[in-house]
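Sharing a structure below in structure tokens format, with a few things to ask.
Every chain is named by a letter (A, B, C and D) in the order it is written, and numbering of its residues begins at 1.
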Amino acid sequence: MQDDLDRLAAYVISGMRVAVPVDYGGVPMALTRRLITRGEARDLHLICVPTGGLQVDMLIGAGLVAMVETSAVSLGEAGGAPRFNNAVRSGEVRMLDATCPAIHAGLLAAQKAVPFMPMRGLLGSDVQAYREDWKVIDNPLAEDADPIVLIPAIHPDVAVFHAPMADRAGNVWIGRRRELAAMAYASGTTLVTVERIVETDFMADETTAAGTLPALYVTDIAQAERGAWPHGLWGTYDPDSAELRRYAAAARTAEGFAEYMATTKGETAP
Amino acid sequence: MSTSAIAREILIVSIARLLRGTRHVAVGAASPIPAAGAMLARALAEATDEPRLRISILGSVEHNFFTNGSAELFDCAGQGRIDAFFLGGGQIDGAGNVNLVGVGEYPEMKVRWPGSFGSAYLYFTIPRVILFREEHTPRVMVKSVDFISAPGTSAPDVWRKGGPYALLSGRGLFMFDKDKPGFRLESLHSGQTLAEIRDATGFEFGHDENPPETAPPDAPTLALLRGRVLDELHETYPDFAAGLRAAIHGTEPQEITR
Amino acid sequence: MQDDLDRLAAYVISGMRVAVPVDYGGVPMALTRRLITRGEARDLHLICVPTGGLQVDMLIGAGLVAMVETSAVSLGEAGGAPRFNNAVRSGEVRMLDATCPAIHAGLLAAQKAVPFMPMRGLLGSDVQAYREDWKVIDNPLAEDADPIVLIPAIHPDVAVFHAPMADRAGNVWIGRRRELAAMAYASGTTLVTVERIVETDFMADETTAAGTLPALYVTDIAQAERGAWPHGLWGTYDPDSAELRRYAAAARTAEGFAEYMATTKGETAP
Amino acid sequence: MSTSAIAREILIVSIARLLRGTRHVAVGAASPIPAAGAMLARALAEATDEPRLRISILGSVEHNFFTNGSAELFDCAGQGRIDAFFLGGGQIDGAGNVNLVGVGEYPEMKVRWPGSFGSAYLYFTIPRVILFREEHTPRVMVKSVDFISAPGTSAPDVWRKGGPYALLSGRGLFMFDKDKPGFRLESLHSGQTLAEIRDATGFEFGHDENPPETAPPDAPTLALLRGRVLDELHETYPDFAAGLRAAIHGTEPQEITR
């Protein structure tokens, strides 16, 4: 039977560029597991805003990822991301190694409808050296030589994240996590899972409006209680460190990963 | 209870000294020793009428001064509003280059680490970047890093407001000289010899003939660390604070990881 | 006797670039009148974010302004800005005519610590033609010809605005008016007047934190009740349209303006 | 009560027609007639199962879909999320150029208007920009504007997603042809003649030999306008709504400003 998560998952199509949030920023794990169960959307190009964690590791382990643009992927306190590390070593996924502010800059360029954002730093790093899509120019406004890197706009096809709540009009409460808004501004489609849907109109009150991503930018919403588990959700619940460690240990091998995925049902988690 | 400072406390005190005079220090998420050093620096500054030190701990809710999403740290650094920051490094070389990406030939490296995070930007923008890595072995302190996540120095025409300031390891404290460029051994932690440190370090560094021992804290500083600072630390890093407390009281081995 | 407004006003020094907010965005009128009474800070370069109103007209009328960078100056429903219009016609102030998003782009460049922001549009307009500080380049990332304008970073020396409240730690509630944060990020000094100072810590609660400009960016704060009058303050009080019209009529002549300023004391307004 | 549409209603109905099929319309702060047109378009779309029309009224609290400060309108337009917008113009010329800055030689112009606002960007980004100015005289509709706040057309290599779509004045409705480029008279408002409009217009424009009269609304549309739309309009523009109501009821002169 098709439910709300299936409806959301169906927006994601093979080959799409998918923007995903940092591990403390509202990771849509319930939706991620559904994407894996369905297994239809493959060859995904993940854009980590600005780093990735369990979600990225699972999608890679499930064989759905062709490319990862990120500043880092790890399981935080639980250690390295095993399926990610393995896939990079074997060349199974193509890497676009970045640095956090470069990913923010690329999304900002899309938000501002400009082809690039200039960015300081980077010069002389191998991060920059390996990025053929980034371009070093001489600052056209400077009198003396002043090399600067241009980061091309990043236009994700779809942004996915999990948030504490949405209202009936489709407005989503994001609080201080404004990188979630930045993801949505830059993306053609934005899919949001939430802990709950409330009757209050967030936009009607200046206090709640200040932390709201307006419905204007939200394509579809599904309710998913504890939808970030085992990641935490700011202001709502803490990460399940034991579960993250359990995953980290299991996923050291492809078999362990498969076993873990077959036996762990996130949606019915505590 | 140990009446003299234990090894971890020497690291914390060293960090507090390196932060002297700063106004705003940012600390990475899982960095209890740098956080403790910053908290000690703040407590010391308050005791001496120096300007109040602001500490941003990434990922912490209590120590968060930002409201504009995860890009704000970088904006704030670019604006010159962050004076000091800490970087680790899977590999660190004598030119101050840092590698957070992996070992071997990129991209299909034989060891892959998480990635460069914000280093390729923050190293250019924050005046006092303190390289902090307890493990001080030839596999960490290398002649030349396999991947430059962030370079230690830049050509003169490159915009650069920040860079390496010091390197603090479990063996000693080095200061960085960007004109040379290179590290100079400032002091050896208690029990270390120059010969040992040389053997453990893949790069050349400057040093006195008989480098001094890293100075232990005076009694008031140690009291501040073991009192207020440990209490503050407990709020954000309960496990680490408990472990440090146990070590001070001699109920666990005092040796730090090398 | 020196009071809090004097303390704030003393930060503003002759020749400074001063960023001021849009007329519905929290205009610090009490502080503006104090600057005029003191008369010490002259030859100001006003940067309107992105348009100006009564504040700009008064500062020009008082002879304190050398240059105005803006997308527009008007008194809204009360009509054109008389001292502004007169000063432009006579060449008394130098104009840097802009368009709203170009001012936002310049401030954003300063926020991001980059020397410029690219911006679409503008080409073929006289706005662009007269801005010698803007530069047209060919998009270095495009294969075909693709001209684009670079807007240099705008670094105000000081940003001034009025807000509903601040807390004891110096955090300022700005709600959805995020251009006020943008002004502060870009500026060396930020001076804020508020209706009231409250005991609650805005940063301690995710709901209020989302609409807060952190103390980190705020140089000094003074309380000024009805400090935006006769402009309105969002969520707090409406504009005093009758007073704006009274000003508009009086300020048609230099004499009328002087008479108005001599007889109107904002700080003791209703 | 007037049973046929009065002049202001014809303008509102004309705007609603120009907005047909749009999803998101932005309206400037002091623009009651465009706002009323957008509200009528929204009501008509709902009645016919067309996608819901979102109306952003700048400066309004109720009709505000933005939470990211005053830059968001421009970002939103650049992202292609705004389909239609209205521009006035102290001067408008036959090439669709708009002047919001002043009359005479820049910068010390003999008449200075407020300034270009966002026109130099929004004219490039929003597909249907409707030029709306009730006054239709030779001093407004000029051969060539004194200052180009925003150009009507651009060279082929210039990034441009939007531009002039129509020009609606108190005398008639013109559609813009960017390939020509120029305006073509679509219809004359009731009581206007082609000769009068030519005399009032400083630029050349295309037209049929006998241009039709601007079609009045059908009875259900007029009822919707005088019912729901006027009620909605009252919330944001109480004075204008009251004036329009009075005009409809024949208690004030019906003529609009020319």
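Quick notes on this structure:
Going forward, a residue touches a chain if its C-beta (ideal position, glycine included) is under 8 Å from a C-beta of that chain, and two chains touch if they have at least 3 such contacts.
The model shown is predicted, which means the values in this text are computed figures rather than measured ones.
Considering the contact criterion stated above, the chains in touch with subunit A and with subunit D alike are C.
Looking at B-C and A-B, the interface holding more C-beta pairs in contact is that of A-B.
The geometric centre of subunit B is 41 Å away from that of subunit C, both derived from CA atoms.
Once the centre of each chain is set as its mean CA position, subunit A and subunit C turn out to be 36 Å apart. Centre-to-centre separation between subunit B and subunit D, using Cα means, comes to 61 Å.
Averaging Cα coordinates per chain places subunit A and subunit B 29 Å apart. Each of the following residues of subunit B touches two or more other chains: 64, 66-68, 78, 125. Counting partners per residue, subunit A has 108, 112-114, 119-120, 146, 148, 176, 181, 209-211, 234 as the residues that reach two or more other chains. The touch graph of these protein chains has some other shape, matching none of line, ring, star or complete.
Contacting chain pairs in the structure are A-B, A-C, A-D, B-C, C-D. Put simply, subunit C touches subunit D in their complex at residues 22, 24-25, 49-51, 70-74, 76-77, 80-81, 84-85, 88-91, 94-95, 97-102, 104, 108, 119-130, 144-148, 176-182, 234. For subunit A in complex with subunit C, the residues that touch the partner chain are 105, 108, 112-120, 135, 137, 139-142, 146, 148, 150, 152, 174-176, 206-211, 234-235.
Across the complex, subunit B meets subunit C through its residues 24, 54, 64-68, 75-76, 78-81, 125. Chain contact summary for the complex, subunit D toward subunit C: residues 29-30, 59, 61, 64, 66-71, 74, 78, 100-102, 106-110, 112-125, 147-151, 154-155, 157-159. Residue ranges on subunit A touching subunit D, taken from their complex, read 110-114, 181, 185, 203, 209-217.
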